[in-house]
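Below you'll find the structures, each written out as structure tokens.
Two complexes are shown next, each including chain A; its partner changes from chain B in the first to chain C in the second.
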Partner chain A sequence: MDSFFTALDNFFLIGLPYLALTVFLVGSIWRYRSTKFKYSSLSSQFLEGKQLFWGSVPFHMGMLVVFLGHLSALLIPRGVLLWNSHPLRLIALEVTGFIFGLAILIGLGNLIYRRLTNPRIKVVTNNMDWIILSLLTLQVITGLWVAYNFRWGSSWFASVLTPYVYSIFKLQPDISAVSALPWVIKLHIVGAYTVVVLIPFSRLVHFLVVPINYIWRPYQQVMWNWDRKSVRSTSTAWSIKRPKNN
Partner chain B sequence: MDIRSQISMVFHLDKCIGCHTCSIACKNIWTDRKGAEYMWWNNVETKPGTGYPTKWEDQSIYKGGWEKSNGTISLRGAGKKKGLLNIFHNPNLPVIDDYYEPFTYKYLDLIESPAMDDQPTARPVSLITGKPIDIKMGPNWDDDLSGTPDYARKDPNLANLSPAEQEAMFQLERMAFYYLPRICNHCLNPACVASCPSGAIYKRGEDGVVLINQKVCRAWRMCVTACPYKKSYYNWHTGKSEKCILCYPRLESGHAPACMHSCVGRIRYLGVMLYDADQIEKMASADEKDLVDAQLSMILDPFDPEVIKAAKANGIADSTIKAAQYSPTYKFVKKWGLALPLHPEFRTLPMLFYVPPMLPVMATLGQKRKGQTEKMDPMAKSWNDDWLYDTTTEDLFGTIDEARFPLQYMANLFSAGDTEKVKKVMKKQMAVRVHRRDVTVGDLSKDKVSSILKGAGIDAEMANDIYNLTSLAKFDERFVIPAAHREQAIELMDFTGDTKGSTGFGFKETPGRGI
Partner chain C sequence: MFVTDFKMPILTAPSHIVHPTGTHQGSLSIPTYNILLNNHMRKSLFSIGLLALMAATALAQGDPTAGETLFKEKCTACHTMGGGRLVGPDLQGVTEKRSAEWIASFVRSSATFIASGDAEANAIYQEYSGISMPDHNFNDGEMANLLAYMGQFGGTGASTASTEPAPSLLEGVGEAEELLGEQLFDGRVKFANGGPSCMSCHTTATSYQFNDKSYARNVNMSYVNLGEAGLKAVIQTPSFPVMAKAFHERKIEDSELIPLMAYLRKLSANSETAQASSGLLTYGFIGALLLIGLFAMLWAKRKTAPVSDSIYKRQIKSIN
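What follows is the complex of A and B.
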């Protein structure tokens, strides 16, 4: 029996992350290069705008904060631990995280309700949307559960999970500490890997193309096929150059 | 001076008969697809009226275009800050009901229906959900219905008309309206381009056509908000925005765009204009009353040797410069000053210009005064008991101010509210008519004719030119499309070396949501 569980742990905590990363990387590159016409956030606001507000905004805002929270525990674990050294700050961090987690849950609830009830939105809902919505709901429920029952997550994340994730990236996976964690936490980790797998194949791709370069690009864009300053000059060499607009 | 060439358009509103042939030509070629059924890249509105989408001109609702504050312009409802902050939910995005829910009819029911006492009917079904619907709206729902209070009185352009002027219109609205055909203006300062967070929208340098790259659009849907003319549409099926492409594949092969080619009233003109791109920002930020003049001042004389030299240095082909010299739009807009941009106050510098309608051709309407009727020409008609419908040519010139549509109304549409500009155009058009009446009927005194021409600032020769291009022009005069440079045009799509020997260009991916 023990060996069975060890095998399970090995698969979900070592095999799956590598699988997920590979699929994510290869899939994203393939997707970006070959199916660009279908690469979109697939917004449905045009068909229904009012209910969407109460779904999309809490969901995305919560997501943003919670994602950044996880990311900072991964990237600057020492900073997080240092911050948490004062109990008040620890509680403030945890409460903030929990509130935004709840926001995600509320947002997801509204999004799901909207997809189930609005006849127009039903038309633009596909199976992948349901898979993603269910998966994210599972993630946020287990996440909230973990945050509530296994305090204080921000501290033990930085000391237990961060080293584990690093070990994965260092190609020397060490699951000794993680495999001892309760099953809910493991479920949350496995759910996260599954989301990573699905990113390239769902509307989640929009998260990879967040348009930050809009901030510094000039407002107007004009495109010439040829360098217009040299197109009429006989001394210009003919260049093998792909057009920029396609 | 940074000279660029722009394909520009002129629509002569007096000639539009409201037949919607243009819209159908466009629909058949480009938007008869799932998710695009509701899009009318070309639509024709009845004015006064609310248009499509409903009340699109009212930017307090739709937040489109640019606004000026402290001397600089910024997008009203989009832009870097507003656009990115509202990316999860765009509060200014119109929804499908602002346009209309696309529908078809279950025609088969007419045939398959069992024998009954009543005639079978074909029920309308939604093209989104497939369910039966009650049709509430259509792209030209108020077609010819200008008289109804639901539409005419809700026209956003009535805002600053005096109660008396409005009342005069409503007396008249039962018999007077005109059509306003609209396509994308392929603006010089396009709000759609500026609002696109992913940078999918761009203006083609070679001819100024504004296009949305379907492979880069990510459905952030800001262009829909930003375009004050609501000419960028969101395809709910593919999750990409689409807009009028000015039939660029047709242009590149020397054909007029489908809407123009098929126009029954021959109201449409298309040609090249050369302009100075360095001035765009400055002119778009001009004071509201100077906007029209500012925009016209950017358009350069294609015969000026300096301009030609600078154009060549910027890679503009000789054939394009020649097309600019023969351009009918240059004549209407610059040489004759007969055409004005639609809603210049949106500050996108639209390159589709309109010749405002005279309407009615030779009649004025006024409250009947005692003793007046006796003095009238026998042609004059009474309308109701209180109104006088005067079709005499006698005082034509003086009657522009009393035209059926208050000048202010026209000015709200075509010159940011400046009645003088519209009046000038009207005077010229009236002078052309008087001149032609003189030529063909000859019942006016020579003095009067020449004083009217002079008052309008044109001479007999110009009047004849205007008349010729307005009324007699053949296809090749109405559409002066520069030599296609097909060899270069193909390279806009693909590197020819790679694709020689293959069958065609472009990409092929079935449209649909996600993979």
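What follows is the complex of A and C.
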């Protein structure tokens, strides 16, 4: 039985991350090359907007903060530990994370309710949408569970999980500590790898093409077609190169 | 050498044996039957059986020198061979008192072994303040080496601390150290080698609790439960996997150990029980509600109806 659990740990904590990273890299490139025009999420805002606000806004705002929190513990673990060196700052950080985690849960609840009840949204919902919604619900519930029951995650993440993730990237996986963690934390980690696997094959792909330039783009882009002749010429239909949309 | 001709008894079972479910499995080949049987075994029974089996294969003599190295690396934080008890018992003569299978089961997963209901294992667990020994997944060879090393120490070990108590490490340590210990504990003073503060994982009955739930131990009474020698071993050379990783290459210095122990001594003397606290939950829910309110305010002017809405409504009104 022990060897069975060791095998499980080896698969989920060593095998799966490498599998996830490979599938994510190859899959993203493959999807961009094959269906470039669909490299985004299908917006349903035209079909229903009122309920969407109470789902999408709390979900995305929460996700931004929680994701950046995880990322900073991964990239600057020393900085996080330094921030946490005063207990009040630590508690401020943890409570902020918890609040935004709850915002994700509230947002997800609204999004799921909307997809279940609105007939127009039902039509444009596919199976992968449900898989993603369930997976993210699992992630946010286990995440809140870990934050509440195994405190203070921001500190032990930086000193226990960050070395583990580094060991994966250094190709010398070391799961001695992570395999001893409670199973809810392991479930949260495995869920995260599963999300990474599914990014190229679901609406999550919009995560890779966030229109960040919306922040500084001009309000309006005006194109003058002074040269009537070249505008009408079939040989100049595409100003730069012919798009490969499909 | 290992016992190589050890046969799993199950493989010699005649194929006409009646399956535990009552169905006749005579037509199945022997390996298939074996798998079926395993599936029907109770989880704990199976694990104990497997452990015993693994231990049995390790009964052969090992290399005591390699065992000594392993013992010093993995066991000395909590155990001695004839030097008195630390966090765990003195292991002198343990190979005479317990069978190799018993020791192997305990070492590989004491929690599983205790849960299986072994009376002796449970007694030891209770005697040592309900602190279960971390699992050590030694292979058969390593276990044989370890047993060979421990077998060199016969007789009975000291069941309690040696008769003349070692001088306290906290001789003449006062309030200044206790305060420094508290600050080291909750992170206000950083450890010289960069280890995380104790409060990252451990709870006590002092302030800054905010949330009393943790997967690590409440260390309020650790000074009493572990004693100075045990505490020193656990803090400086932890064998609990998560703590070992967190302090890997970030050892706590002697100059930090003393204040920490002084602080823990102060905590255990107070004997207050930790107050249940769920500030994280309370403030989390209040904050989430405020956040949703903030979103509503920030996007108060969002478009909630089509631009033609007023025209549409006017037309409907004029028809009626």
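In this text, the second predicted complex is superposed on the first by the 212 of 246 C-alpha atoms of A that agree within 3 Å, B and C clash if a C-alpha of one lies under 4 Å from a C-alpha of the other, contacts with A are read in each partner's own complex, and residues count from 1 in each chain.
Definition applied: a residue touches a chain if its C-beta (ideal position, glycine included) is under 8 Å from a C-beta of that chain, and two chains touch if they have at least 3 such contacts.
Note that this is a predicted model, so its numbers are computed, not measured.
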- Item | Which of chain B and chain C A:87 touches, first, second, both or neither | second
- Applying the touch criterion given at the start, work out whether A:100 contacts chain B, chain C, both or neither, answering first, second, both or neither. second
- Query: Of the two partner chains, chain B (first) and chain C (second), which one does A:37 touch, if any: first, second, both, or neither?
  - Reply: first
- Message: Going by the contact rule set out at the top, does A:220 touch chain B (first), chain C (second), both, or neither?
- Response: first
- Task: Look at A:208 in the shared chain and tell me whether it touches chain B only, chain C only, both, or neither; answer first, second, both or neither.
- Result: neither
- Query: A:53 contacts which: chain B (first), chain C (second), both, neither?
  - Reply: both
- Query: Which partner does A:180 contact after superposing on A: first (chain B), second (chain C), both, neither?
  - Reply: second
- For A:61, decide between first (touching chain B), second (touching chain C), both and neither. both
- Query: Of the residues on chain A, which ones does chain B touch that chain C also touches?
  - Reply: 49, 53, 57, 61
- For chain C, which residues are in contact with chain A within the complex? 43, 46-47, 50-51, 108-109, 112, 134-135, 137, 186-188, 190, 194-197, 199-201, 203, 208, 210-211, 213-215, 240-242, 244-246, 248, 278-281, 283-285, 287-288, 291-292, 295, 299, 302-304
- Within the complex, chain A is touched by chain B residues 4, 79-80, 83-84, 88-91, 93-96, 128-131, 189-190, 193-194, 196-199, 201-206, 211, 213-221, 224, 234, 236-240, 277, 280, 312-317, 488, 491-495, 497, 506-507, 509, 511-515
- Item | Contacting residues of chain A [partner chain C, same complex] | 1-3, 6, 49-50, 53-54, 57-58, 61, 78, 81, 84-88, 90-91, 94-96, 98-103, 106, 147-152, 155-156, 158-160, 163-164, 176-177, 179-182
- chain A residues within the chain B interface of the complex: 31, 35-49, 52-53, 56-57, 59-61, 119-120, 122-124, 126, 128, 201-203, 206, 209, 211, 213-215, 217, 219-232, 240-243, 245-246
